[in-house]
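The structure's right below; bear with me while I get my questions together.
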Amino acid sequence: MKHFLSTEDIGSLPEWIAKGKELTENPKDLRSLGNGKTLCLLFFNNSLRTRLSTQKAAHLLGLEVIVMNFGSEGWNLELTDGTVMEHGAAEHIREAAAVVGVYADLIGVRAFAGLKDRETDKAEGILNGFAAHSGIPVINMESATGHPLQALADALTISGATKKNRPKVVLSWAPHPKALPQAVPNSFVKIMRRMPVDLVVTHPPGYELDVDITGAYTPVYDQRQALEEADFVYVKNWSSVTRYGEVLLRDSTWMMTSEKLGKAQFMHCLPVRRNVVVADEVLDGHQSLVLRQAANRTVAAQLAMMHVLGKS
Amino acid sequence: MKHFLSTEDIGSLPEWIAKGKELTENPKDLRSLGNGKTLCLLFFNNSLRTRLSTQKAAHLLGLEVIVMNFGSEGWNLELTDGTVMEHGAAEHIREAAAVVGVYADLIGVRAFAGLKDRETDKAEGILNGFAAHSGIPVINMESATGHPLQALADALTISGATKKNRPKVVLSWAPHPKALPQAVPNSFVKIMRRMPVDLVVTHPPGYELDVDITGAYTPVYDQRQALEEADFVYVKNWSSVTRYGEVLLRDSTWMMTSEKLGKAQFMHCLPVRRNVVVADEVLDGHQSLVLRQAANRTVAAQLAMMHVLGKS
Amino acid sequence: MKHFLSTEDIGSLPEWIAKGKELTENPKDLRSLGNGKTLCLLFFNNSLRTRLSTQKAAHLLGLEVIVMNFGSEGWNLELTDGTVMEHGAAEHIREAAAVVGVYADLIGVRAFAGLKDRETDKAEGILNGFAAHSGIPVINMESATGHPLQALADALTISGATKKNRPKVVLSWAPHPKALPQAVPNSFVKIMRRMPVDLVVTHPPGYELDVDITGAYTPVYDQRQALEEADFVYVKNWSSVTRYGEVLLRDSTWMMTSEKLGKAQFMHCLPVRRNVVVADEVLDGHQSLVLRQAANRTVAAQLAMMHVLGKS
């Protein structure tokens, strides 16, 4: 059985990208692929793009969709084995996952990092619990430490927009008033390592990503130096890993501007706080790829579903 | 591109009414009209009739539907351009609307008046934001100042139920414990002006509607005088426009009763507080048209969707 | 018009069970049965199994589905006739039900016991209100005093798993930190009386079920005595009926264990608190039928829908 839990579940990235382009440029009626099958989308957190693009992809593949906001519509889940469930959670993930597996043919799960305890988040209790106990394929719709659908959409976007064989791609940290997870930068770094690009990661000291997840990298602490000659600039806030989940800095000089962007194309996964993370001029300018990234989320979701259905 | 934002988006009302009757009296399988297209319904407020009738209409037209309670499932939206988004909203309506436009072929938006600031409500930030930035047709499922789907259903109902060429239609204010928006009376007055009816509006002093929206009218402050010889009586509460959003009066003598109704047919958009807005005897009597109005909501939604799809 | 409000709406239980086995063992494409019809699912309470299995069953029967969390997405409902609705509820169930009946062809309703007032719960105001005023068939997705879909799934499960002509079935009360309704045990007792089984009900004194609902029975207060030679053990907590809605006892010796279970097959409707209601060893062992019960929820929902559609 195939899952889509992380970017590692993408076998040959060039093949996936080629297939994605085919889906976009030469769309066919694929509704027979999922005919009679049910996709259950489980949201433990809010969502706009993921909610819509995943349903859209499911419709394109002829899947029936059941959407559930697990947090508000279901029961609190116990994740630890052996617990005496006297308090809190009314259901164990073993039963919840198995039961969803009885009704659905594939599952999408969205469960963010809690940002309270690093080891808890790295254990990916909810995502892995559904993969372990549902008996059916699971698709990661953003988990505590990864967002492979976004990373795949980003790879498709860069692949489609590049004018060079080997573009320079810069991942640039941005300020933000709230503590955000590292899922997006983690998966972006991982997938860029598999692309024909030169990747540079720039952030202030203290914002080093978890190299257990991303693999070793040499951060550039000087943003302007990092941005020199960039072809693509991916801007994203994340909270500190070492001082886990903390906001260490709100230095607005890290905000992306047209002047800093230069001739590069701009990327962001959205939602984005205007004039905090990036200036209006960049988002509203013609170098912005954010809507192409959003459109490629549908393609990424189709590819992930076709993969786990064995139809890729 | 065609929207359905207000009653002004209805070109020839007689033609729309004729088409609505055809849909009701001679229903055909229209599921090929929307085949392969996706309608995204965005609810910023609660809804029963609109939620159900719009989905029902979409099914009849073969549209795929994605329903989203934007307030609880998505991100708070910033509506003002140029804001430094340090606080509150996590996403700007420019991105949110554009992204929905990437995934859907048409959008329904429900966003009530906040009733705190009149100019803010009249700006219709959410509805107009989606119309301006999504790039796809938008249908108003009740906005701050208008409810054209309800008005269209009301026009269909009166047209179907009248026994006269030119009936007298009375819009009569009713008491209510809470401050309600003026969206329904605004759109009702506007559409009635385009119908072959004599419209009389009755309410206590201080409850004058916004003539910028409805056009000038002469209120009748004496309810009994207004109701004389009425053929249709549309009852509805709204809060004050001049003392914006305030409840000025809870005078139960304005409640509609069988005695006051006389031989007229009774209308209300629902939900309705029994024995506050209208007496049980009226709602349970055979002069009530409220369920026909509700049924015509499906027809109105079909007409609006066919209009924006260019299939009317 | 046929409803599915309680186990009494099941005409010949053997026929329903035979039909259920046919649906499972020899599945056919039944999507033409519900073609063009709309099922509206109204949730006044949380749900996982019911939410998913009912939608799954609807898809199998070709029904369009509209799901609504009535509590959070709609309006508070007034259930009492003649009320002056000055406070609280914004809509009367008479209008709400009638309006849903305008848009849908059948309704599912989930409305738990409030456990505050016994007579209020026994009146089943929401379920019966929809049945009385919607004008279309209503399916009980768990109400204050009954859960016939669960009971039917349980009957299907026992019928499929028994190795004897007349097995011994024990319903055994279990401890739980919260006050739970009696809907599941009520319907289980009622349906077991119609099965070729010997039913024994065991619980501590003070936990007697409402014999107005279940019919008279002789409780066995000694759990070990009750469990002797059991073939099926159905474990479930419920709160006291006589001291209505109270938790009288949290005696962990009533928890089900492998030693107490012996050779019997284990049943529970889920969700279940592990190591409070039942030990891990039982749920994880091969005598557990909980997932077969869950799978039979889809079959039960199909049977109920086919019944009310007149297609059984």
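Order of writing sets the chain letters: A, B and C. Residues in each chain are counted from 1.
To be clear about the criterion, a residue touches a chain if its C-beta (ideal position, glycine included) is under 8 Å from a C-beta of that chain, and two chains touch if they have at least 3 such contacts.
Keep in mind that this is a model prediction, so the values were computed, not measured.
J.: Which contact partners do subunit B and subunit C have in common?
T.: A
J.: Since subunit A and subunit C share one sequence, what rotation angle in degrees maps the C-alpha trace of one onto the other, as a multiple of 5?
T.: 120
J.: List the centre-to-centre spacing of subunit A and subunit B in whole Å, with centres computed as mean CA coordinates.
T.: 39
J.: Would you pick out the residues of subunit B that each touch at least 2 other chains?
T.: 72
J.: Spell out the part of subunit A that touches subunit C in their complex, as residue ranges.
T.: Those in contact with subunit C are residues 38, 40, 64, 66, 68, 72-75, 78, 81-87, 90-92, 94-96, 98-100, 102-104.
J.: In the complex of these two chains, what residues of subunit C are touching subunit A?
T.: For this pair, the touching residues of subunit C are 43, 46-49, 51-53, 55-56, 59, 69, 72, 177, 270-276, 280, 283-284, 290-291, 294-295, 298.
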